[in-house]
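These notes are about the structure you will find just below.
Chain lettering (A, B, C and D) follows the sequence in which the chains are written, and residue indices restart at 1 in each chain.
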Amino acid sequence: MFFASDNWAGAHPKVAAALSAHNTGYAAAYGDSDLDKAVYERFSEIFEREVAIFFVATGTAANSLSLTAYNKPGGITFCHRESHIVEDECGAPEYFTGGSRLRPVDGALGRIDPSALEQGIERFAGEVVHAGRPMAISITQSTEAGTIYGLDDIEAISKIASRYGLPLQMDGARFANALASLETTPAEMTWKRGIDILSFGGTKNGCWCAEAIVLFDLDRAKELTFLRKRAAQLFSKSRFIAAQFDAYFKDGLWMETAHHANAMAARLAAAIEDDENSKLAWLPQANEVFAILDRKRAERLLASGAAFYDWHMPHGFDGHIGENEGLYRFVTSFATTEKDIDRFAEQLRA
Amino acid sequence: MFFASDNWAGAHPKVAAALSAHNTGYAAAYGDSDLDKAVYERFSEIFEREVAIFFVATGTAANSLSLTAYNKPGGITFCHRESHIVEDECGAPEYFTGGSRLRPVDGALGRIDPSALEQGIERFAGEVVHAGRPMAISITQSTEAGTIYGLDDIEAISKIASRYGLPLQMDGARFANALASLETTPAEMTWKRGIDILSFGGTKNGCWCAEAIVLFDLDRAKELTFLRKRAAQLFSKSRFIAAQFDAYFKDGLWMETAHHANAMAARLAAAIEDDENSKLAWLPQANEVFAILDRKRAERLLASGAAFYDWHMPHGFDGHIGENEGLYRFVTSFATTEKDIDRFAEQLRA
Amino acid sequence: MFFASDNWAGAHPKVAAALSAHNTGYAAAYGDSDLDKAVYERFSEIFEREVAIFFVATGTAANSLSLTAYNKPGGITFCHRESHIVEDECGAPEYFTGGSRLRPVDGALGRIDPSALEQGIERFAGEVVHAGRPMAISITQSTEAGTIYGLDDIEAISKIASRYGLPLQMDGARFANALASLETTPAEMTWKRGIDILSFGGTKNGCWCAEAIVLFDLDRAKELTFLRKRAAQLFSKSRFIAAQFDAYFKDGLWMETAHHANAMAARLAAAIEDDENSKLAWLPQANEVFAILDRKRAERLLASGAAFYDWHMPHGFDGHIGENEGLYRFVTSFATTEKDIDRFAEQLRA
Amino acid sequence: MFFASDNWAGAHPKVAAALSAHNTGYAAAYGDSDLDKAVYERFSEIFEREVAIFFVATGTAANSLSLTAYNKPGGITFCHRESHIVEDECGAPEYFTGGSRLRPVDGALGRIDPSALEQGIERFAGEVVHAGRPMAISITQSTEAGTIYGLDDIEAISKIASRYGLPLQMDGARFANALASLETTPAEMTWKRGIDILSFGGTKNGCWCAEAIVLFDLDRAKELTFLRKRAAQLFSKSRFIAAQFDAYFKDGLWMETAHHANAMAARLAAAIEDDENSKLAWLPQANEVFAILDRKRAERLLASGAAFYDWHMPHGFDGHIGENEGLYRFVTSFATTEKDIDRFAEQLRA
């Protein structure tokens, strides 16, 4: 019943096996091995076009370096008020860029509202030196609220980006879960909808540590090479990341694990809906479930070994939370089992 | 015959096995799992005192964050002219610290000359605002030239550090090789000789990716927690690093691999000395061998599958290199076999 | 009728005369001249305690360096949503601090609301590494909306600062106007109410270029010395700033000019109130007047040579602005004359 | 007898008069006044082509921002070992650029040796990510050793810059003295010889505070606008700088003061040569004289009211300094009088 986060799981057995398989032999360091190159190639196939790939250590690094690739003095990145880069990265995006600013944009349940975005940018569109100027837009897919931007939603954002000449970054720490939810292709969900640079997360979906920047805007590739090294994010034994991605992509493992995590979330959501004393805060679209539970019941569940987090009210939440109730987040992963869910459901009803 | 670098090897089977063993089950993320904590404890045992441990992604990160922990406006870090932080980190130390300066110090074969160090610091000791001011001293053990600071050498440097009130950092990317060479203890080679903060490298000595900052100056621990996260160096599934270190330390594996690498270097050195057309540039003390070979012979070796690097003349080298000769670096590792060496020796003689 | 800003005026004749008077002779550079030292001493007298003084080139520099003096990795500065550091400094505070964050706090008419501040800080009080942590509070006196924090208001903020162990910075670009308005002393309005560091502006109130950081927290003085030089804010012929301040303080010139500017604002406000087609947006408390005018009338005034700015609606404004009306800002200064005001009033009525 | 530095003088009476003259009236702030614009125009005339002008507070700011305009991750600026940016700016260039590196180049008496420069750059020309990469070249005219690059010398450096695609910056804190010495034009000494960006100093040559970046590479102008503001270097009452430059350029005042300062240096040099117990360390070419004096004599001179500095041995100095002798620097300025020199000469002989 570990629903604290998808990063509490270990690694998928196939990922672990791949690491072991690539254990021996010598290979060029710093991302130049044959395996690294094969994996870069694999990314290009998956995205149906040439992409430049940069392995990095963490999702925070992927996001921060992506923004740094588009850094400007006085630059402002527009992102959702509750995005990971705002709430969970200790100011890394600002630090990496030497002080650019994140400007929160409103929007219900983790998704930027396009008109709020436009208004936000418009204010700085004159590039008045005192005020600073727009530098990038960042969206998260799936969002921190477990919701999804539909393809049209992404397009609406990217049209605004185009109008103002801004790059569009996607934080895809849970990219696979979004893809599974939308039943679309990586290409459709990214560059075909105007995404310029993507943080592609494998860690939460079955890897130990496999994060990559996928750069569609190839003119920036050389700079990003230096940016990554300068940020101490260039692995020497890079093939240990490559090996994980190799297994991750093989036979569609990554989509399998994402579908599984999403299905487990749906099962959990159903269990919560079934319980007469509990309710969903909103409908989950990927692998995160937000529920309103009686506080005492929640405490009992935690005491009995379940792990999940108390959550803050997201912007745009219009439901009702009773005096004795709380909002809680549950995250499922490749490792979540039906048995986990069913046991939780049982405890919930108890 | 892969002597290009010790980071061309994969991971030791026991390290790989540990990763697989910890594959399943849930564990708190971000370094708070039981395994992480057990490994922190293990570090304290190994160093015979309480230490604070920070896993990071790369040696460059360990060095850069360590200096950042002692950052000062106008700060100057004194380090060897050919140290890794000067030559191989793309300016990461300067970037992480927001612009502090590295000031190269001379010294033969990779080791700082204490009197040159003292002279270097003395110039800034007045803390004149225009000139900047001393901030830290950094030494590398074993050095980039494959040499070792003896315990007295470290003490000589640390006395200077004390006199000027400066912290002393050790870049221990090849810490184990130095330890094996000196046949001393981690404590003796570090805090008992005045080291304040250590980059402890496991990657080059048998891990996939296992680098830790070992902080002896515990008052700085809280700050370093924020510094690491802000630098995007906090792993979510931190136990994948912990698992590697767990295996690394178990039954003295790390010293075994280091002794092996050093022994292979000695064997290689002997083979070179034996060859009438080749000679050692200087005596290797750890797992790096620098040799003077006939250029044509070197090319032939490379063509026949050997991997090693052409090297620049280090400061303080007083040997003679003939017109048709070159200086080359050979690095051995846990994975190097006697057979590798013997085959190389044979080719060399051919 | 130049009400665009108080920085559109030149310098007070007495300030200009002082510059000319100190024109000749030699004096130690970089702030060490006798005149510099006398002016530092004068600041201590004015503030009724020892203070450390740092001349800088701009108000933006004063604010940015002040925050840098309290910089922390992952640090967050709480300030009003419409403060100068947020809206008008091109990200300089973030740049100077290498990426710390400004977190806007709500509050009516330019003044931070204490309970909103408390709530804002409370969220980060746990110092969770992901979220970042509180680093400072900044208030502006007088505010960007021409309002004033009363002494009790400052105390209410500083009590919160104390509770959370945070330094309290005051942006005093219009310090003298606030002082004149409150009819209190510099000491009462600053350190006696818990201010740790102050941006003391002379430029807007009759100098050419005279900005100083007044540091009450003397332990930070040495660091600030390096911070200022590193930020390229240490003037060589520093006495040209000292000379201005010398004249500024002599015989209370600074309070005279501030009282005059405030009086002119009051006269302008009265004229606007008198006009049946115009109204004050809110009561001015210092030297800035915000008025609601018919747009066409405003355009006519601008066409006839008046200079003033269209303004955005400040947070907490609860007045009504008609469809054909706009909100405008008028700033008076030492140079504003009664004749200016009367001529404007006449044109307004026309 | 104040020869400590040319920044110990005040301002030329004509500069002071101009400040007073522009004292009254209103003018657009932040560099947009008519006077500002007229001065920008004047710069274009003086340089015989369109230039972009950025007033800043200090020479350190001019240099640091100039390098920031060409900033690159992993970037290395090649400059003389004893240049102001290396020795006297407290790391500001590194800070402004967020951590780029200055790489000292050797060369006799303050001038970069072209072949040492080439060798220095060549090492990084491969743009290997570990090593960092060339970003700019900086020269100082006149140099810190009071010497001058001839037009051919500048061209030799700029040819290297071109070959490697690097921008060439000139630190012209003493630009006018160099110009007076070479009897050439501003255009010939800068863009016609390949200079891309210039720190144009007026402060040391008769202004209070008048430093400008002269940008020949107009494509960078917009970025520099943001860089300057973000660095808190945009003056509000910018016309106080403009007024100084206005007087500075009027009727060739600036060349008059420079010629005077140089002539005073020559007179001082002659006096030293005349003295049998003293000698010039090398021939002065602008307004700085370096002499070898008996230490006791030097102390006596200082005691009798003369001001000058003990100096370090510059790179490439091949003269002899006796055991009881010291090397001293004397700087003359617009304010130095023949009487000063003659009095000093008399004391020297005494």
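Please note the rule applied: contacts are C-beta pairs under 8 Å (C-beta built on N, C-alpha and C of every residue); 3 or more make two chains touch, one makes a residue touch a chain.
Owing to the predicted nature of the structure, the values given are computational and were not obtained by experimental measurement.
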Next on the checklist: Regarding the subunit C and subunit D pair, does the interface count as same (over half of residue numbers shared) or different (under half shared)?
Outcome noted: same
Next on the checklist: So using the touch definition from the top, which pair is joined by more C-beta contacts, B-C or A-C?
Outcome noted: A-C
Checklist outcome for this item: Looking at Cα centroids only, farthest away from subunit C lies chain B
Checklist outcome for this item: Per the C-alpha means, the centres of subunit B and subunit C lie apart by a whole-Å value of 51
Checklist outcome for this item: Averaging C-alpha coordinates per chain, one finds the centres of subunit C and subunit D separated by a number of Å equal to 34
Next on the checklist: How many angstrom lie between the centres of subunit A and subunit C, each centre taken as the mean Cα position?
Outcome noted: 42
Next on the checklist: Can you list every residue of subunit B that touches 2 or more other chains, as numbers and ranges?
Outcome noted: 73-74, 89-91, 95-96, 98-99, 129-130, 226, 229-230, 234
Item to check | subunit C partner contacts - residues on subunit D that touch it in the complex | outcome: 2, 4-5, 7-11, 13, 16-17, 19-20, 22-29, 56-61, 64-65, 89-92, 95-96, 98, 203-204, 208-209, 226, 229-237, 239-240, 307, 335
Checklist outcome for this item: In the complex, subunit D touches subunit A at residues 30, 72-74, 98-99, 129-130, 133, 223, 225-227, 229-230, 234
Item to check | Contacting residues of subunit B [partner subunit D, same complex] | outcome: 73-76, 87-91, 94-102, 129-132
